[in-house]
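Each of the next two complexes has chain A plus one more chain, namely chain B in the first and chain C in the second.
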Partner chain A sequence: MNSRLLKMTFSVVIACFFALPALVQAQITEYQEKEWLNSPAASSHVGNLTGNAHAATEPYRRYCMVCHGELGDGNGESAQWLDPKPRDFTLGIFKCRSTPTGTLPTDQDLFDTIARGLDRSNMPPWNTFSSQMRADLVAWIKHYSPRWQTEKAGPPIVVPPEPEVTAERIKAGQDVFNRVQCWKCHGVEGKANGPSASTLQDDQGRPILPYNFSEGGRFKCGTTDSDLYKIFMTGLDGTPMPSFADNIKPDEAWDLVFFLRTLQPFHTKARELAKGLNLKPINPNAPPPSQ
Partner chain B sequence: MRMWAQSHLCQKPQWLKSLLAAAIVLAFLVLATSQPANAIPAFARKYGLRCSACHESWPMLNFFGQKFKDNGYQLMNDRDSPIWQNPGYWPVTFRITPIWHRVSTSQVATDQSPTGVQKITSSGFDLSGLDFHTGGTLEKNFSFYVLPSSDPTAAFHFETVMARVDNIGNSPWFNVKFGKFELDNLLSEKRILTLTGNGGVYQIYHFIPQADGNIFGQMGDNQLGLEVMGHSANDRTRYSAALLSSNDGQVGLPYGAESYSGFFTFSQAFDFGKLGVSRFGFYAMLGGAPIQWLTGPTGGGFGGSIAGSGTNNKSYSREGFVGQIYLGEHADVTVVTQHGSDNAWFGQGYGDYIDGIATNNFTPGTLLPTGAQAPTWNGVLVEPHYVVSPQMIVLARYETIRMSQQADGAQYTGINPLGNYGPTPSNYGNLSTYTLGYRYNPFMTPRAGFAYHAEYNWLHQDGTGVVPGTNLNSSELLLGIDFDF
Partner chain C sequence: MKNRYKFASAVLLAIVSVALVLAIVGERVRAAGDGTITGSVKLTGTAPHMKGIDMGKDPYCAGQHKDKPATLENVVVGSNGGLQNVVLYLSEGLSASAASVVSSEEPTFDQKGCMYSPHVMAVNPDEKFKVTTSDQTAHNIHPLPAPGTGNIGWNQSQPPGAPPIEKSWKNPEVAISVKCNIHPWMHGWHVVVKGPYAITDENGNFTIKNVPAGSYTVSAWQEDLGTQTAKVTVAAGSAAKADFTFKGK
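After this line comes the complex of A and B, so read on.
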């Protein structure tokens, strides 16, 4: 009995020990902030531009702080009213990346996100900013998380050239959609009504909705086929949307892109081809096709 | 120290006199100068953004705020439709400004002075008018703006009433606005940072040559009409074209039977790296307005003129360049130029006969006097800002307008506006004005706006004093608390 109690106590202490850094990492001290601001990590490189965190002090205050907070922890004064909640920069976790899941985004990824905004959130497209200001803001964002002090951004994934969309590819894409169970969240018709949709939570335990293809809104991380490819090959970190890089081959990924496009209410070649196929929504309960 | 105090005590009665004398002049001046200004905490409340996100310094827009406006008051993040708002949300903002100001005018006609004129200086506490702004989206890409605005005595009029349809055909290049609205001036007078009588307007937006009867070319006044405008996704490229009634925004078809104007703009912004984004463009206002009015035995406007009966349109134009130049994070300067021209008939006192601005009503067979010509002028406005922080801005403005051609030319032999025979002196009506001030917002929230405001303006005009040929000088010092909620 005593031995069991000892084991439990020991486990709790060990767990606390490892959990502690995670708990305190959001609490940046003034000393840390000053140190990080002056570290090489508090700079950014986008094309020919070099961003400097110091130069973003006022722009961050003017445009960003009200949501993302003075400490970058997503607890700005407006955060309580917003859904989804603003990004907590201290965690160093970002949805829109060109890099593998679990890795830090590139400076270009953050630079593009600022300009593009995040649809269906309160983050508007800040594309009126000068490129330099956006590069400075990227540097500023990076100074909030200790991850940037110790890690480098992941290597951007390779997106192969987009093949020609064909009926066969769309059909194959539907098979991928079925196989990797996209429908569980997004629904068999992409209407965000899959059996798991209502149970989804983000990494911080907040309810989150899957993307509804049938509404035709912009994707969070871009509008092009290539952006869509990246979304499911890198995952949206911090959300239940995982990376399928280990489950889907690059060529299959394009098939899936073409199929997903047929679920959107746009006049696209993929949708026209799908009409010709008379494609029916998948039936998850159907028995697997006989070999 | 003691002597200093005594000396000020001795001066006190003089100040008291001035205070008492000021009241009537102040009331008149504020009445004449109250300027509705657009700054909408209702938008900030809707989106949870601070004023500083859209305003360089409230109420002046920055480029992001301009894009928000150009998108029909939409952030374009798919959260613009009212369906995303709490049903209790009501997009209303009010703005009013308690002020203290000291106004000095060099020449006021008086019976008591042996010369018939006297300098009057008045000071005291006062109020601006009251604006109720309501605007926003009715549905995605359908928006509206209604602005009942009052003078300090709460006499209201509709400063803005318009509906917009945006992103027609899913393109930011095609948006339509209909109603009464501010012209697409890149330097918006409705978002002016200054509040004094002469500094609270842009003189080149309202300039009318002396004795000229054309009130219809005032770009600073909201106008009735229809505007088509478009812009690139990041708002770097913008254009607008508006068809307007030539009625200076007055409702009820009071003027011409069929008189219209057009207002056109184009601008392009460039990214200059560390200096920031700067915008350059041009505008042109081209129009026609009547000089001939039917008159009746009773009622109507000036001289019994009949509303809506104006015909015999004559032309006018205002055109110029605009530059909004950023010099790094803290400094910027806006430059607006103008070349203006009115038809010679306007210069001879024809035009708005309804309100008595024009002193002459055209009758068939009337000829222009010898030497009469189109009055033309050139103006420039330079407004530098130093943005100390998102909460504080220091600003200055210099405007000058020079007549390049008087309505009464060299061959003119009649009585000119100065009461003399012969041509009007070339500098008559030339105008210069200087403004200096700052605005400090002690807090920034997504709920309301509040600014301590201090400003000094001095205006000089050649030859337009009460005594013919003498200059008019006017100055105003203003301290106030500008707030909206």
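After this line comes the complex of A and C, so read on.
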């Protein structure tokens, strides 16, 4: 009897021994979840609003969990059917930021992403939510990743006031497009058919497509000129799209914005001006322009 | 009464400064008495075949390897079976002070011929390193640290003529995978370890310098073949030996 009890205790101890590391390895433990939910990171500040993670428990369960999962790891019930996959909040890596590559987004960035949705993915615009509810959800999202416990959001990049679009600027923009070789992925006409387009992978090794300007869809991170500016000056973290902040000066960045607009099938002033310019597409096999 | 306090504080100051000087001198003496660990890393059996790389999608890259086609660099074996690009570091036995020393070498991680040079770079946490490009084609440099390590990835472009990027890693991590999304064959490693470290040369030889006297576990990390360890005792000012052998698959 005694030895049986001993054996049982022994096996339980052994089981615990093996189970413990497994628990620790789990992306978020119950203990951590409680701790993080009560940390300052589990609140958000968007304009005058203060979001509270606890208030988002119900909305998250109702609207977000089916894809993003109970643990926020992007493994919700529906995730298996989706492509691209839902964001894994535990990594704390986000595409749409106003902050430099490798830094956390601001609360405002996350707030805007929830309302905007992400085009060409299964994330719809949740602009029917009240602002307070979105602020609460931002706080909730932040409680999933250890990054928010130790880091602050990066300093938002400065977007200078938008200059007037001119033919010279569009031409200069094409030179930037050529010099930093956007066409390697996006193609010389922005048709997402550059030489590297077909081999692109996201950080999890899943295939991913570059943006096709000629289709005229919305950008992942907004529709305005300054949204476009931010996309290539901060990069879309988690994807192959790098930050060009070191290699494009703020004024040149506006030139590039205007040139990129000419690749889209919209009636914009940039496109009108470009018609007069008669720009030739870049020759991808030409030697790179000298610095 | 006041005088007594003055006296006491003067004595205290004296003691503290003497202790400080002793500590600094002691550290120097120890540094002078630092030993080294030398040895070699060899591969036995058949070396795995390193596939050639088709760089046809970027004529510039292909042009850089016209004479000798580029191959993968996962396992690079020298003529005598020596394994190149193995990182040697002290995984156990480092004192807290030795582990907190940050090398000021500032290594360079270059993009050359659409390959990473070196293929494997080792640094201390907080040691600065430079990412440069020698190529006339655009790269994006995209390190992918594992989640939970406290190291944070980033993704920056380096078009032709771009200035160097200076960075550092916060925490130890063996090893951080580095990718270029534009050229999917480009793959390198940043190995972040505490204390003195070394990387094997083309003959598989290494020397870990500035090792304080003591007993250590030396780890040898190879990206495909894993990690091996050896116990090594280093006497003050002398050279200890450690050899490693990996088996070919």
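By definition in this document, the second predicted complex is superposed on the first by the 260 of 291 C-alpha atoms of A that agree within 3 Å, B and C clash if a C-alpha of one lies under 4 Å from a C-alpha of the other, contacts with A are read in each partner's own complex, and residues count from 1 in each chain.
Here, a contact is a pair of C-beta atoms (placed from the backbone, for glycine too) under 8 Å apart; a residue touches a chain by one contact, two chains touch by 3 or more.
Bear in mind that the values here come from a model prediction, so they are computed numbers and not experimental data.
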>> Between chain B and chain C, whom does A:149 touch in the aligned arrangement: first, second, both, or neither?
In response: neither
> Can A:50 be said to touch chain B (first), chain C (second), both, or neither?
Replying inline: neither
>> Looking at A:180 after the superposition, I want to know if it touches chain B, chain C, both of them or none. Which is it: first, second, both, neither?
In response: second
>> So in the superposed three-chain picture, is A:39 touching just chain B, just chain C, both, or none of them (first/second/both/neither)?
In response: neither
> For chain B, which residues are in contact with chain A within the complex?
Replying inline: 47-50, 52-53, 62-64, 66-67, 75-79, 233-236, 271-274, 276-277, 329, 389-390, 444-446
> In the complex formed with chain C, which residues of chain A make contact?
Replying inline: 90-91, 93, 101-103, 146-147, 150-151, 179-181, 184-185, 195-196, 199-201, 203, 235, 237, 239-247, 285, 287-288, 290-291
> Tell me, which parts of chain A touch chain B in their complex?
Replying inline: 49, 55, 58-59, 61-63, 65-67, 77-78, 81-82, 115, 117-133, 217-218
> In the complex formed with chain A, which residues of chain C make contact?
Replying inline: 57-60, 136-138, 140-142, 144, 147-148, 150, 152-163, 165, 181-184
